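Here it is: the structure, laid out below.
Lettered A, B and C in written order, each chain numbered from 1.
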Amino acid sequence: MTMASDIQRLEARLTLLEDQLAIYQVINGYGYAVDGLNAEAVGACYVENGVYAVGDIGNIDGRDAIEAITRDAGHRALVAGGCAHMSTVPHVVIDGDQAVATCHTMVALHRDDGFVIGRLSASRLSLARQQDGGWKIVHRQNYLLNGDPAASALLGELKTGPTHA
Amino acid sequence: MTMASDIQRLEARLTLLEDQLAIYQVINGYGYAVDGLNAEAVGACYVENGVYAVGDIGNIDGRDAIEAITRDAGHRALVAGGCAHMSTVPHVVIDGDQAVATCHTMVALHRDDGFVIGRLSASRLSLARQQDGGWKIVHRQNYLLNGDPAASALLGELKTGPTHA
Amino acid sequence: MTMASDIQRLEARLTLLEDQLAIYQVINGYGYAVDGLNAEAVGACYVENGVYAVGDIGNIDGRDAIEAITRDAGHRALVAGGCAHMSTVPHVVIDGDQAVATCHTMVALHRDDGFVIGRLSASRLSLARQQDGGWKIVHRQNYLLNGDPAASALLGELKTGPTHA
């Protein structure tokens, strides 16, 4: 059945592309959701026991704690003053139902004469395919790019080659 | 006819991915075109009666007026001094022939010792599929992220879930 | 054989999307690899006789010389102090086995009170499909956006319309 197998092969390639774009949606969507104080949308980026590990600050453990960023007084002060949580285009490597994405993430802050970049980090995200076909973050490791060798090391572990492992 | 319906199903999934990438091309292409003073390419991003609504400045109504940004003395002074109109990766929700994209947009400006971010906005774009299959912007709403609650509210309206509604 | 030709047509559309995302991986992956001092991953972004032409600095000729950026004392000092080489979402035009991508690229640098944008350039990349189906950079032209008319001209040459030429 050549045509049936052709269709299966096309579907596998299509799924990889859907996966990559779904991962873009999650990673970039997180930033918009957190700036928008949308707790549900923030939580939806992570699995229930997901971890957001920030090298110079500590770990935020579990979806509830990550959602609670939107109610944190410090975060609310940033939003009230004007801020933007932004990610670059992630480099994505998909291996079946798991994926690793590498990107830069930054927080820009409003000042009287424009905006400054307050934080800029190297970020590695481990994601897992969900039952409904979507993707969520299992673990996100950030290291501030302040000369911390861990930040450069994280970026250097980038896999080369095709999107799929 | 299982295989025929398989093909139709694959085509529908493929079209969604094409749509999402075409929307990336329009949103990011606008920035390159406006920095490049390419009036035709700027205009091609918008439908004929498209609107570019800038919260703290006002509305620019219609493709001709939006194209005319490339001839505006203020814009030309920015370009002559060195500037970059940049967008982050948009979060895209497609619903048939309509789509909503959410992103951050910014304008960086050259200074003696590097570049500063002069403007940074929350941006929501409504786009429509065109007869030729491409996508154009119908309405773009920007709010400067200077603490204006409308900017955070716009980002918070982000839909979660899959690309298609 | 309608269904066979349907499958061929779908495959051609799928390949275009794979190409566009593979080009995103190369362009953004370069920045992570160079910040991560991963010589092999940096080199893998370019064909063997690839050229990285930097308007205000000069040409870096060949994969070996481009890889050697990761061993350059000046580059290592940037990484040791904290830096991020970032690209915006490229606008991609694919024509068979060749592609042209346009984007902004920047280098952010750590300072005591946050990060500054040290360099910000208009960038045009010519890429070629490889035997294994992947894409590599043949030529990358950067112009610093310091008011150099060549930078704006490069961005203005952006093609409008669909991804494929």
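The rule is simple: a contact is a pair of C-beta atoms (placed from the backbone, for glycine too) under 8 Å apart; a residue touches a chain by one contact, two chains touch by 3 or more.
Just so we're on the same page, UniProt names per chain: A, B, C = Nuclear transport factor 2 family protein.
Keep in mind the model is a prediction, meaning the values are calculated, not measured.
Taking shared numbers over all numbers used, the chain A to chain B interface scores under half, which places it in the different class. A rotation of 120° superposes the C-alpha trace of chain A on that of chain C, rounded to the nearest 5. Rounded to whole angstrom, the centroid-to-centroid distance between chain A and chain B, based on C-alpha atoms, equals 22 Å. Touching of two or more other chains is recorded for residues 3, 7, 10, 14, 17, 21, 88-89, 116-117 of chain A. Residue ranges on chain C touching chain A, taken from their complex, read 3-4, 7, 10-11, 14, 17-18, 21-22, 24-25, 27-29, 31-33, 35-38, 40-41, 44, 79-84, 86-89, 108, 110, 113-117, 133-134. Taken together, the chain A residues at the contact with chain C in this complex read 3, 6-7, 10, 13-14, 17, 20-21, 88-92, 102-104, 106, 116-120, 122, 144-148, 151-163.
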